[in-house]
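Pasting the structures here.
Each of the next two complexes has chain A plus one other chain: chain B in the first, chain C in the second.
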Partner chain A sequence: MTGILVLQSLISGLMIGAIYGLLGVGFSLVWGAMKVINIAHAAFAVLGAYLAYALLKMFGLDPVLGFFVILPFLFFGGMVLYRYLIFPVMRARDIVVSSMVLTFGCAIIIENLISLIGSPDPRVFTTRYTGKALFLGPFAFQLPQTVGALMALGGMAVLYIFLKKTHTGKALRASWQQPEAARLYGINLKRISMIAFGLAVASAGLGGIAMGFVYSFDPHTHNLWLIYIFLVVILGGVGNVLGTALAGLLIGLLNGLSLAFFPYQWVNVITFGVLILILLVRPSGLFASEV
Partner chain B sequence: MKPFLKTLLFLCIAGALALPWLSPPVYFVSLLFIVFMYVVMAESWVLIGGFAGYLSFGHGAFLGIGAYTTALLMNHFHLSPLWVLVSALPAGAVAACIAAVIGYPALRLRGPYFALITLCFAFVMELVVKNLDFLGGPEGLWLKAMGIDVGLARGIFFEVMFVLMVVTVLTVRHIEFSRFGVGLKAIKEDEEVAQTLCVHTPRVKLSAFVLSAFFPGIAGGLYAYYLSYIHPETVFNIDISILIVLMALFGGGGTFMGPIVGAISLSLINELLSAFLKAEYARVIYGLLFVVLILYLPDGVMSFFRKGKSADT
Partner chain C sequence: MLRVSDLSVSHGHLMALRNLDFHVSEGELVTFIGSNGAGKSTLLNTLSGLVSPQAGSIRFEDREIVGMTPEQICGLGIIQVPEGRKLFARMTVLENLEMGAYLSAARRQFSRQLEVVFDKFPRLKDRKNQIAGTMSGGEQQMLAIARAMVALPKLLMLDEPSLGLSPLMAEEIYEVIQDLNGDGMTILLVSQEVHVALSMADRGYVLENGVISREGEGKSLLEDPAIRASYLGI
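After this line comes the complex of A and B, so read on.
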């Protein structure tokens, strides 16, 4: 019986891990491509979840479909944000530090606008399939969780194909490996970065909706999500999409396992403790940084 | 320093020392106490974060460690509350020791990796303290109340925190222009080059980290008694850690003046905004402040005053 319990926690851990992975991939994209640490990334995720929630409440639109409605808004919102806020800051002496202060400001603004317009109490998606589960042999797959994990996997696959196969994606990778050389080859860095930022914000929105299927969310949850995003990205290696995705799964696994064996309040302690140890042994992440 | 500035500085110090005895509203004394505390925190953060370029996102944890050490000492030895002035020093020492233990492995990591591991450390500290029963667990710890008038107590703490702030600022200022400080700045520019120039980088970094944990530890001890009830979520709050970093960066992290400007302006603005506006509006404006500031002064407030001077400092 315990074997099944362990496997069950592994499965739900992996599902959550996929969502962490998606959130981390977008974050890592921005960090790798333009050296911007986007503290507001998790706030965009919460924003996406809230927008989907509003669509669900007002029009009864399923959050999965709702994502396609809000996708263009998030994408263009991200592009505008890059053009008018992030791009002017690129002239700072220390982009990492300045961008952190800037996006921290954005995170506060988003958080409080959400709690002004909506309300600060925790929300959870209630759809037709909430509380239902799929049984495969002895294992139960909770439907909302499964939907969230599938969304996350889909999002990661799209991002991966975009980066590896499309012309714009290749240009993006080139511009973060060798910005000067990329520019010499006629790549418009500003346009490319704008697209990357838009994509990152959109993927954050998707990740937020996926999270909304698993956990309840309120305007302040983005702080905890951000710490997890940080963990995933650092563990996976900055700018390494595949590594980030794997790291997300690994952290989910770790979370699931410790949940099976330890009381709930120690789970985060164990997760962070193990990660600190990993970082001390492998200071630049588990997976060597490749672009 | 210009004579005018010097007089102004002396007037400020004299005014601050005299303030609590002129029976002002207790609110002002408390507000300034918090402002001074943030100056201490941001100023000592600059040692490791500003000079050496190692962004520590876990400095709030040292405040919490100091607070809990003092609280435990007081409750365990049943010391009279006025002993807090003595027991705050061991609190600083304990914070420094923990910093040494954490810093030794963590300082091998660079850049964002160091930032992350310190953030995790602060997070883990909060969770651990919340789950350990002898530290009060999730209920927190009560400290014995002082048997004296509130105004008088606040006045005493105000003066002590003020002295601590002056000591911290002077220490950091001294270090900035010493060999030690130059070594730290060399590490920020290029750690390998610094090492080839005979800067013992691991030792220099570790001493800066330990020292930068010592002052917040003392401040935490004072803060614990000032609150007289400590709770993991108030003294180990991650927001404090992030706020310290922002204060130092807001003013411009590379010098001892930056954090003073940043800590004073940010904490006063935050206080004024939340005194006059609905909480959410206040926070939105607070956030806008960061955005606008960085858009116009990407290198911090202090860069505005240094524009005339050489740009490469």
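After this line comes the complex of A and C, so read on.
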């Protein structure tokens, strides 16, 4: 019996881990490729969740479908943000710090806009499948959580295939590995970075919606999500898509494992404790940084 | 084909290139020789549009290209093989070639050009799925040249193509360059290997501290006592 319980919480941990992974991937790419630490990344995730919530409340649109409505807005919003806010500071001497300060401001603005237009109360998605579960043998999978995990896995797969297989995706990787040569062969760095930033913001939105299936969210939630995003990315290797995805799953697993054996209030202590241990042994994370 | 007049480039307050006048005609192999820091790479990067000149004009096929973006210049067919190769090191050989043919005109002819390139460098064909950074220096230089060839060059500019290669490998690379020129490719070669460069070039220019100090036919520059003394140690 306990064995099944442990397995059950491991599986549920993995599901949440997939969502951490998706939230981390876009953040990791922008950090690795442009040296921009986008503090507003998690705020975009919360924004995505709120927009999906609004569509659900107003039109009864399922958040999974809602994402496809929100997607173009997040993508173009991200491109515009890069073009008019991030790009002008790219020439700063210390782009990492400048971008952090700038995007921290963006995060606060997004948080307050959500509070202002919506309200600061916590929200949950209530859909047709809320409270339902899928029974497979001795295991029960909560349906909303399963939907969130599938969205996250799908999002990561799409990003991975985009980077590996499409002409534009390859050009993105080329321009991160060797910007000067990329320019010599006709790749427009500004345009390609805009696309990358748009994709990162869109993936954050998807991650936020997926999170909304598992946890409640309010305008401040992005602060907590951001800490997890940092963890996933540092563990997975900055700019390393596959590593970040795996690190997300690992952290989820760790979460699930500690939940199975320890009281709830110890979960974060144990998760972060193990992570500190890992980083003491491997200070640069489990996987190499790359793009 | 290429006519540069009165070209000056500065890095901040430092003048990197001063009042350069030169030309490259169709089908020629022209070389710029000079020591480290003479401004050779700056010259190629200016021609490629990565660096903008302070003054002067660069005309390519009767079109002024000063002020054009690197993207536009690449589209015109001025293609550079940069110093140190600058491959996309964590991508495969094939992906590197695909990125050479990034612009749509080159992309349309990619499969045909790929055959031409694989014909010239059969070793690249065998290794098309290998990660570029894991190949030997010579193979990487071949890939760098191949990447430029799929970009449909009219003027191929090479910056120190033998840098860091074994003498044997360097010889092979220079043979490839001569071969390309024999097929009709116009080439601008920048090199510190004065003897090799001058013996294969139709014409040469000597760049010293950002100024063209001598010019002439490759063979006659080789005979020039001043060049023999300062560059060939004879």
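Keep this in mind: the second predicted complex is superposed on the first by the 290 of 291 C-alpha atoms of A that agree within 3 Å, B and C clash if a C-alpha of one lies under 4 Å from a C-alpha of the other, contacts with A are read in each partner's own complex, and residues count from 1 in each chain.
Note that in this section a residue touches a chain if its C-beta (ideal position, glycine included) is under 8 Å from a C-beta of that chain, and two chains touch if they have at least 3 such contacts.
The model shown is predicted, which means the values in this text are computed figures rather than measured ones.
*Asks:* Which one hits more chain A residues, chain B or chain C?
*Replies:* When the residues of chain A touched by each partner are counted, B comes out ahead.
*Asks:* Give one of first, second, both or neither to describe whether A:170 is in contact with chain B, with chain C, with both, or with none.
*Replies:* A:170 contacts chain C only, not chain B.
*Asks:* Which partner does A:182 reach: the first (chain B), the second (chain C), both, or neither?
*Replies:* second
*Asks:* Considering only touches as defined above, state whether A:130 meets chain B (first), chain C (second), both or neither.
*Replies:* neither
*Asks:* What is the contact status of A:216 with respect to chain B (first) and chain C (second): first, second, both, or neither?
*Replies:* neither
*Asks:* Could you look at A:265 and tell me whether it touches chain B, chain C, both or neither (first, second, both, neither)?
*Replies:* A:265: touches chain B, not chain C.
*Asks:* Is there a shared patch on chain A that both chain B and chain C touch, and which residues make it up?
*Replies:* none
*Asks:* For chain A, which residues are in contact with chain C within the complex?
*Replies:* My answer: residues 167, 170-171, 173-174, 177-178, 180-188, 290-291.
*Asks:* Name, in rising order, each residue of chain A that touches chain B in their complex.
*Replies:* 31, 37, 85, 88-89, 91-94, 96-98, 100-102, 104-109, 111-113, 115-116, 223, 227, 230-231, 234, 238, 265-266, 268-269, 272-273, 275-276, 279-280, 283-284
*Asks:* Quick one: in the complex, what on chain C touches chain A?
*Replies:* Those in contact with chain A are residues 48, 50, 69-71, 74-75, 79-80, 82, 86-91, 95, 98-100, 102-103, 106-107, 147, 151.
*Asks:* Where on chain B is chain A touching in the complex?
*Replies:* Residue positions touching the partner: 55, 105-106, 108-113, 116-117, 119-121, 123-124, 127-128, 130-131, 238, 242, 246, 249-250, 253, 280-281, 283-284, 286-291, 293-295, 298-299.
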